[in-house]
Every structure is written in structure tokens, then in C-alpha cells.
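Contents: one structure, followed by commentary.
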Amino acid sequence: MQLGMIGLGRMGANMVRRLINGGHECVVFDLSPEAVKELVKEKAIGAVSMADLVEKLAKPRVVWLMVPAAVVDKTIAGLLPLLDPDDILIDGGNSHYVDDIRRAKELSAKRIHYVDVGTSGGVWGLERGYCMMIGGEPKVVQHLDPIFACLAPGRGNDIPRTPGRDEIGSTAEQGYLHCGSNGGGHFVKMVHNGIEYGLMAAYAEGLGVLRDANIGKQEHVVDAETTPLRDPEHYQYDFNLRDIAEVWRRGSVIASWLLDLTAAALVEDADLKQFSGRVSDSGEGRWTIKAAIDEAVPVPVLSTALYQRFSSRGEADYQDRLLSAMRLQFGGHLEKPEK
Amino acid sequence: MQLGMIGLGRMGANMVRRLINGGHECVVFDLSPEAVKELVKEKAIGAVSMADLVEKLAKPRVVWLMVPAAVVDKTIAGLLPLLDPDDILIDGGNSHYVDDIRRAKELSAKRIHYVDVGTSGGVWGLERGYCMMIGGEPKVVQHLDPIFACLAPGRGNDIPRTPGRDEIGSTAEQGYLHCGSNGGGHFVKMVHNGIEYGLMAAYAEGLGVLRDANIGKQEHVVDAETTPLRDPEHYQYDFNLRDIAEVWRRGSVIASWLLDLTAAALVEDADLKQFSGRVSDSGEGRWTIKAAIDEAVPVPVLSTALYQRFSSRGEADYQDRLLSAMRLQFGGHLEKPEK
Amino acid sequence: MQLGMIGLGRMGANMVRRLINGGHECVVFDLSPEAVKELVKEKAIGAVSMADLVEKLAKPRVVWLMVPAAVVDKTIAGLLPLLDPDDILIDGGNSHYVDDIRRAKELSAKRIHYVDVGTSGGVWGLERGYCMMIGGEPKVVQHLDPIFACLAPGRGNDIPRTPGRDEIGSTAEQGYLHCGSNGGGHFVKMVHNGIEYGLMAAYAEGLGVLRDANIGKQEHVVDAETTPLRDPEHYQYDFNLRDIAEVWRRGSVIASWLLDLTAAALVEDADLKQFSGRVSDSGEGRWTIKAAIDEAVPVPVLSTALYQRFSSRGEADYQDRLLSAMRLQFGGHLEKPEK
Amino acid sequence: MQLGMIGLGRMGANMVRRLINGGHECVVFDLSPEAVKELVKEKAIGAVSMADLVEKLAKPRVVWLMVPAAVVDKTIAGLLPLLDPDDILIDGGNSHYVDDIRRAKELSAKRIHYVDVGTSGGVWGLERGYCMMIGGEPKVVQHLDPIFACLAPGRGNDIPRTPGRDEIGSTAEQGYLHCGSNGGGHFVKMVHNGIEYGLMAAYAEGLGVLRDANIGKQEHVVDAETTPLRDPEHYQYDFNLRDIAEVWRRGSVIASWLLDLTAAALVEDADLKQFSGRVSDSGEGRWTIKAAIDEAVPVPVLSTALYQRFSSRGEADYQDRLLSAMRLQFGGHLEKPEK
């Protein structure tokens, strides 16, 4: 079927490629004419403006937005006068689901349908397909099924079927799912990312413990402030993290795609020297915690993983200085210089 | 090659089966004659005692212990007078790596070699193979290579090769790895389990947030004690956890074997009514935290995951009562009855 | 000066008492005529309705609301038509500071001044005075100074002066503080409560560790699932928590008012049998976490303390069942029954 | 009574001063002759060696060690040949309670009595007295009562009595307590410090949230990676932390001695510029977590507080780099440079 794509960053451009490969027709627009030109070479139909894009689409139109969350509302505002009743607007970016609820309500007043799609798969989506979590009206989502089926990974030959699944009908096995009413897609994607933070932190902590398992080989100072390592002979291991990540990929309980990627990163450089360790967070992790708090669901692991990212960017520095100040006050403890 | 197996619980018995299928000869013993009889039917050589088992093995002998961690030392004590120099003793259970260091030292005085093997794979090992993390002397581990190669999963056709791996020689790609000197195998397995706890908790927390996303549909009381849910219209989703776990298995960043199992469990019963929620912990998670503390490596996610298990068994009850007592003291707050 | 008080629960009624004792005139109203009657006996001027209360106050009026957060907006809506420009409305309850910002804006359109006062002190305020954190316009807060000075604890003879404080002019030493513009009072009170949760949890956890220091005296089962306690001889202490809380009150680094209250609670009953351990949270702890997340400030301790309260009310049960379900899937582990 | 003090650092020297002021006789020794000379000026009896100190004490002797935990065993080894049966050896430092259990056992073979004393009060002890938690044989501890009574803070005029305390006989109200058998004193002190870490972190986190409450005034970049601050108008507060810490000291639920010290530190410099934020930990916090794990008592707050100290010293750096590496792998996310 026909689809207009606005926003041709890596995600948007690769989705267009996958759709064209799947036999769909794509009209594309981006603020960068270069980005449009690139995809026209690959059989997309280029547009020079949003108005042009809308014009080139048959009614009822399907327009997919793949732009930064911060500019979705502005983009919709520009698009709205150009659209007609029964047109469908899809937000495939990282919107907060609360914005979806609001937008769907606003757009429904003009009889325009809104669909929110949380998308996982990152830079690998072109090759592997995109895992999609969808929110919106059932009929509208149903209408878009060919699009989702094309973008999704499909069942996959190398993924064993979940026992009992054959009796359950659902697109979930194809890698896309209508999760619920508007906002539901981004809600599920939000939690997906919250979990992602937790998983990543678990691997990072564990590998950190392995990395320092040779601490017994180091000299330690003796003073009143520091407890000596009781049993240095228990920490004499120089573990090869690269090979350990690899061995866990086969047959272990903690095998995962994130572990695959970790193993790949450690092959490139086990010391990870190219990284400074300032870890960004992109919003979903934060929203997950806020939702959990509204629901009174305890999420200590997911929260801790988020906070670790804050701390990695220096956001705990004032707190740390406060702790040092208190220690000086009650115990006369001076800070120790860096080793 | 030839191997004696002591301990024919599910793990030990299935390892024997996999070894026999791989062409190795197994002499087996268990305190339960039934367990021995069962495996003799499957071409194992039965022994009626540890002495009998030792007798039936050619020198230098290879004896693999697959018994509860709490009885390993007792078993070794019984076995020791029966063994000769150059014999090899393997502990494939869940020993604390510190015990391995001690045992290896004690046994080396009698020129008996000790090898510690951390094994992951659980009930799936017979079919998928066992992921093995090995500690011991290089020559001895090398000598046992045929055993490990047979028990391990092997490279696997459906597991994509880590980029850059072809230039690196290691058995890690086969699913087993000599990690380091004695204790190193169980150390790596210990951390593996620590990570496992963290991963499991991340999924559980996230699914918990999804499950209660319909909280806005519930009536809430208005009193001075409880904050009202500000935006009930944001929590109107009845998510299908069974299908969400399934959709994440394809193309998403959080795909993993634990997610596969979660999806399977949710197909059986999404409400998980057969479980009470008392979650055991088997030692490795605890030891991981202790090692991290010795190393001064922060592990908040792994710790939190462990503590959640403690709490699930009621271990926070006194603390909770203390909090209620303090609240009564300073604010006159009475506990609210269960809903 | 003169003040109208709406809401005569324990907090409101005691504030009126303290104000009357300090020579101020109080017009009081509550939905319960009994509550009004009670205070009229103690020299308050009773009102039979909000209109009556407003009528009995001289312009510009000062009206203090001490009602549950959930009904503040409704109360203001009822009061608004009765007020005149330059009147001052004080919310002394537990409002979310975001509501203060909104209300101040709405009321300013009618030239009515809004002041938000976060109040700590609980049931002890009548005797000890109320610690007050205030948000609003400087002139308005200044105008109300006699009220705040009367309600506050004052400097206190038994509280040592902070070194260097004599050169700094501030009401902070009297126990009340104009923290900033509207919402600032409740913001600071919100964080105060967030800290309170963290402090309480720290004491509870520590006392929990002391309480179970006799675990080495208990019998432990030996099975493959549970790690045995390595050194039972290290856990043979039957500590007297009541006396330990008391000894820490003198000269120790962790002396505090919360510790005083804990010591008192433990004198009443060291086993805390009257409590079930379902711990409420009243909003401020949640809002603190949300604010921290907006600010990207890591707050793992405050979050964990909040989540512990959620868990104490059974909110982690589904997660726990999920963990048990995963363990059954990968390891065939059955849940152990309660001891 | 008479007491020998070995170790005249700040703690040991001030204890001697307090004892001499209380009418006790002190024989003192330190590796630094200067330290001995200083106290001799203040009426202590100087010793030139441990042998000299032992010689100058009447039997049965009382020797108090106030030396770094790491050298206690060495000091005892040197002292042991000089002592006689019925002599009493006190370790007043920061020993691990497990060492106390071992030492008491070893010394009892020579009929020498061992007493472990956990001491809180830091640099303030000379003036305020030392809070002491004591482990040892009842008769021996009883014999030392005059020493403890002199060093302790006493009941204190400005500390309100815990309701119901008058019917309970205990030295706890004087600020010292016989907690249990050997190791019990240091066990309770260990947990005291564990709690201390938690309290400190709670204040630091809360003040951190207040400090960044002006984040809405800052410019924020718009990109696909970062979620925009939804409501910058909610974060426009420039809070005065110095005055807020002060106001909480009076009448609030979170008043404490640590808060007093925080208020003092913020008067000196609210920006804490003299501190780098590298926070030491001295052992007790770590041991508390290990004990909790042995007991299966959940201590997420205390653990988190400890880990924050590790992180403040850069111990999470490798983990952070791993997270960045994973993000690059799955999403092509590049690290953002420091602001």
C-alpha cells in the first residue's frame, strides 16, 4: 500500500527501504533535501514539502512521522491543515504516551486517526525487521496491517516457537502487536526501554565484578580509614571478559541479544578505551519510573539503572561533596586524593 | 574417554546421558540405587559404592561430582583415601569458589588435581548442552577437553557469529571456557547467576508496570493519608502480557532466553496462579555481592534483585513494622487495613 | 493578628490552639460542628459556614486551609466568590507544589494572594512548634510573619547554635523559612518527606540486621537450592534492640528525632506486635522521585525507601510470582513452602 | 581506676584526657614519642614501650588498644608475652567483629580477657562523650564500668527521656551498653555505621534535588537522544540550602545530629568547593551488607549508600563505558561530550 514518511534519519530511511523492498509505495520528505534525494535513488517518491507529500498521497492518506519527540507536535501542527477527515497519522518515534492520548483526542475532533507505534530494533531494523508495539483504534490498526507486517521481523526460522503458541492467534509471533488504545503502543515501548536499562546495568555490573577479580594482586595502603582486603588470595583472577561474554552466548541462562552485542563490543576493544562513560538516557526510562510510581509498583532495579546513567554524567557530584563535608564535620576525615 | 559420575540428580544424570551419547564411557554412583539402575539401562556402568566406582575407573581417574554444595566436602573426604596421585576430581556443582581454592590446595598436597566447573543450562542442558565455566590447571583442563566439548552446546547453527571472532581462537564459541586457575570457573558462574537475578528482576518489574496500567479504572479513596492518582485517564490499559512478552522476542533489544521462558510461562497462565511468590536464592547471588564489596565495585542492580527475593519470603516484615511504628509515633498515623 | 482557619483536624485544631495561646484571634470552621464547638471552648470564634467565617474576618483577610490535599481545590472554589482583592489564602496542607503554582496564578487574576506552607511536626507540633517551609510573594509572606513566628518552634534552648550562624540573618533559626516563590514551600516540604522516608528505611534496615544476628542458632536445611550459612558461630547474638536504640541517642553519629521515636516505640513493644507492616505513603515521597527524575538527579536511596513501602503492601507480588515462574522454566525449581 | 592506653591518635588521646579529667590514672604509649610527651603534660603517665606500659600497670591490668584495625593483631601479638592471666585487653577501634570472636577465643586459652568496644562520637567525643557499644564477658564488662561511665556522654540534660524508660534499668541511658558476648560490641557499631551511611545518603540526595530545582531556567538542546524537560516552569527555584538545612533543625521530623553538621558545613561554604567528592568508606558499611546477606535481611538502602561511595571514587567507570558500548552497538548512539 501507499505511505508517506516524514523524517528520513536512520530509522525513517531504513523503514522506507524495507517497505519499498516489500512492494509498498513510499512518498518521502525531510528537511534535508539530500536525505530525500538519497531515497529517490532507491525508488521512493520524493516530496519537496509536507504539502507536496500530502498532495502526492491518495486519500485516505497514511502519513508516518519519524522525527525527534521534541518536534512531533510542531510537525503535526504544520501538517494538520493539509489533511482531510479519515486520513491516518502515525507517530513512530519516541513520544511520551501521554502526548499520544492528547493528540489522538485533538485529532479525532477533525476526524483524523492517530496511531502510536513504539519501535525497537535500532540500527539493525533494516536487516532484522522492527519490533513494533502499536496503540490506536482497532479498525485503523487493522487497516495498516500490511505496513506493519512488512516492517516487522516475521516469525524467524531460528527462533523456537513458544510452547502452546499455535493455539493462540496473534501477530505477536510476527513481531508486531496492537497493544491497546492510543498511547498503548508507546506505553509498552516505554516499559521495554525501562527493562532494557535494567538488563544493560545487570550485565555491566557483573562484568565489572569479573574485571576487578584481580584486586588481590594490588598493593593496599594500611591506615585507619580503609579496611584492608581480608583475603587477597581470593582475588587473583585475570579474567578474559571477551571470551566470557562469548561463552555465555551458548546454553547459558543469561544469553540474550544484548549479550551478543556486548560480546561484539568486547571483541573490538575489551578495554573500551574509546568510551568516556557518559551514558545518555532518552526519556523512556524516566517515564517508566514515573508510571510505576503512579501505579505504586516497586521498580528498584529499573530506577537504579536509570540513576546510574545520571551519575555517569556527574549528576551525583554535589551529593558526593556533601558526604565528604559531613565526614569532615563529625570525624575530621579528609578526602583522599585520587590514586 | 572414561569418567566417573557421583551424584545422579537431574543435572548429573543428564550429563551422563549426553556423554554416553557422545561415545564416552561413564561409571556412575548415587546414594539412591534406583538412580544408578536407571542409568545402567542407558548403557552407563553402575557402581554400588564410591570404592566400587573408583575401582572400575582406569588410572589416572577422572571423577565428576554433581552433588549439593553442602555435601561436596564430605564426599571428597570419603573419596580421598580411594584416589591415587594424578587422579582428577571435578566439582560440577554450585560450590563457592573460595572452597575450590582451599580444596585444590589440600588435594595438591596429595598430587590429586582439582577442577571446578560452573554449569549453566538447568533442565535444558540435555537437549541444548551445558554452558561451562572452568577453573583449574591448564594441562589438566586441556586433558579433559573431550568431556567438555561433548557436554557443551557447540557453536550452534542458529547463533550468529560475533563479528571478528574468526580471528580469535577459543573454545568460548563452543560454549565452554577455561576461565583461570582454581575457583575461576565457579567465580565466573557465580557472577553469571548474579547477572541472572538482575535480568529476571528487570523483566519482572517491567511486566509489573504493564500489568497495573489499568489502575486508573479503579476507585480510589480520598483521605489525608493517600495522594490521589492525578491522571486516571493515563492508566486505562488492559495489556495482554502474554502477547507482549511474545512480540518482544522478535527484533527487540530485550530479546533473550529468559524472555523466551517468560513468554512460555505466560502462555501457560498469565495470572501465574500456581505460584505464591516466595522466591528462593541459591547462594551465587549472595556471593556475587560479597565479592563486589571486597572489590569495591558498585552493584546496586544485582543487590536489589537479591534483596527482592529476601523480601518475597517475608524477610522485610520486621522492618515494615518498624516503619509503621515510627509513623504512629511522629504523626499518629494508623496502619490501613488490607484492601 | 487575625486569622481564619478552615479544617480542624488534629493539625488545624492544634495550630489554632498555639495561635490563641500566642495572642492571635482565630475564626474557625470545619464541616464537623463538633470540631468547631470544641475550639470555641478554647476561645476561638466559631463560624457555621465558610461564608460566615469570611464575614467575621477583617479585610484584608487571612484564611488558612488545613484540609486533605484532595479537597483543597474544591474548598478554594467554594471560598473564592466570598473573598476580595488583597485577601490572603494559605494552604498549609500537603499539596503538590505544582498545584500551588497553578492556584497562585489563577488567584492572582483576582488579586488574591496565595501562600503555600509545608508543615512538619505532626502530632508534636502543639507542644514543640511547627517547622514551616513557605512559598509566596515576599511582601505577603512578610505580612504573615507574626503568624509564622507564633506557630514555629523558636530557636530552642537545648538546640546548639550552628557555628557562624550569628552573622547570618534568617528566620530559619526560629524554625520557619520563606523558601521562594509559590510552590517553593511545598517543594521543600516534599523533599523533606522524601528524606524522611530514606532515614526511616536506614534505621529499619539496620535494626533488622541486628534482630537477625542470632540466625546461627537456627537449624538450616541442606538441599541443592539453599546455600548453607558458612559460619553460624558468627551469628549467635540476641541483641536487645530497645536498649541499642537508646544507647545510640547519646553521643553517637546517628542520633536523631526519628531515633528518639524509635526508642520510644521499642520501649512500648520491642516485637512491634500491634503492627502488620503495611506502610502507607502519602504522596510527597512519590513527588520527590518524580522531581529528581525531571532534574536528572540520582536518588537511589529515596526511591528504594519508597518502593519498600509499596512492597510492604503486597505490590511486588506479581513480580515475585513471575520470578518463581522463570525459575521453574529454566531450572525446574519448585517454590519452597513457608517455614 | 587504672588503665593503659596504646595508640594516641585523636581518638585515643582524647579518651585519655576524658579519663584523666574523670579522676582515672592512665599509662600511655604510642609509636610516636611526641604523642606520649603531649599527654604526659596533661598528667598521663608516659611509657617508652609496650613492655614499659605493662610494667607500670597494677595486676590485673587493663589495656585499651586504640590503633588502626589493620594493626590490632600485630599489636596483640607483641603484647601477649607481656601479659598475665586475668589481665583485660580492650579493642576500642574499628575491628571486624569476626576478628573479636577469634581473638577472644585465642586469648581465653591464656586466661586473658578480651573486650570489644565500638565507639561513636568522632572528633566530638572529648566534649560530648563517647557512645560505646560493648562486647565481652559480663563480669569483665561489669568490672570496667567506671571506665565506660567516665567516657560515656551520660544522660544529658537536654535529651528528653524516652517515655517508659524509668522502669527499665540499663546503662543505655548513660550512652554505653553491654550488647552481648565477644564481637557483639563491634557488631552493633558496624550496623551503626551502616545506618550512618544510609542517613547521610538520604540527606545528600534530598539536598541534591533542592539544589537543581532551578533546572527549568537552563537552556536545553533538542535532539533525538534527550527528552525535553516537559514543564520548565515547575523548576524555577533557587533554593538556599544553607537556610533550609537550618530550618529543618527545629521541629521537623528529620532533625538529627547529622543535619546539625550538614547545616554547619553549608554555613562554611554552601557550594562545598573545597571537596572533590571522593568519599571513603572505612569497612563497617561493607561488613554490614555482608552480615545482612548472611542473615537474608534485605538492606537496599544501606547497600545503595555504600555503592554510591564506590561510584564517587570512579569505581563504576568501566560499567559506564560498557553501557555506552552497548548503546553504540544496538542504536548507533554516540556518547555526548560533557556540557
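First chain written, first letter: the chains are A, B, C and D, and each begins at residue 1.
The rule is simple: contacts are C-beta pairs under 8 Å (C-beta built on N, C-alpha and C of every residue); 3 or more make two chains touch, one makes a residue touch a chain.
The chain list, named the UniProt way, goes like this: A, B, C, D = 6-phosphogluconate dehydrogenase.
Just so it is clear, the model here is predicted, and its values are computed rather than measured.
The chains touching subunit C as well as subunit D are A, B. Between A-D and A-C, more C-beta contact pairs join the chains of A-D.
Farthest from subunit D in terms of Cα centroid separation is A.
In this assembly, the C-alpha centroid of subunit A lies 43 Å from the C-alpha centroid of subunit D. Spacing of subunit A relative to subunit B, judged by their CA centroids, is 29 angstrom.
Rounded to whole angstrom units, the spacing between the C-alpha centres of subunit A and subunit C is 37. Touching two or more other chains at once are residues 122, 124, 201, 203, 205, 207-208, 211, 230, 253, 257-258, 264, 281, 286, 294, 296-300, 304, 308, 311, 313, 316, 319, 330-331 of subunit D.
Those residues of subunit C that touch subunit B in the shared complex are 9-10, 68-71, 93-94, 96, 122-124, 200-201, 203-205, 207-208, 211, 222-228, 230, 257-258, 261-262, 264-266, 272, 275-283, 286-287, 300, 304, 308-309, 311-314, 316-333, 335-338. Put simply, subunit C touches subunit A in their complex at residues 253, 281, 286, 289-290, 293-294, 296-300, 303-304, 306-308, 310-311, 313, 315-316, 319, 330-331.
By the touch rule above, subunit B contacts subunit A in their complex via residues 97-98, 101, 120-122, 124-125, 128-133, 152-160, 162-165, 168, 170-177, 179-181, 183-184, 187-188, 191-192, 194-199, 201-203, 205-213, 215, 229-231, 233-240, 242-244, 246-260, 263-264, 267-268, 288, 291-292, 294-302, 304-305, 308.
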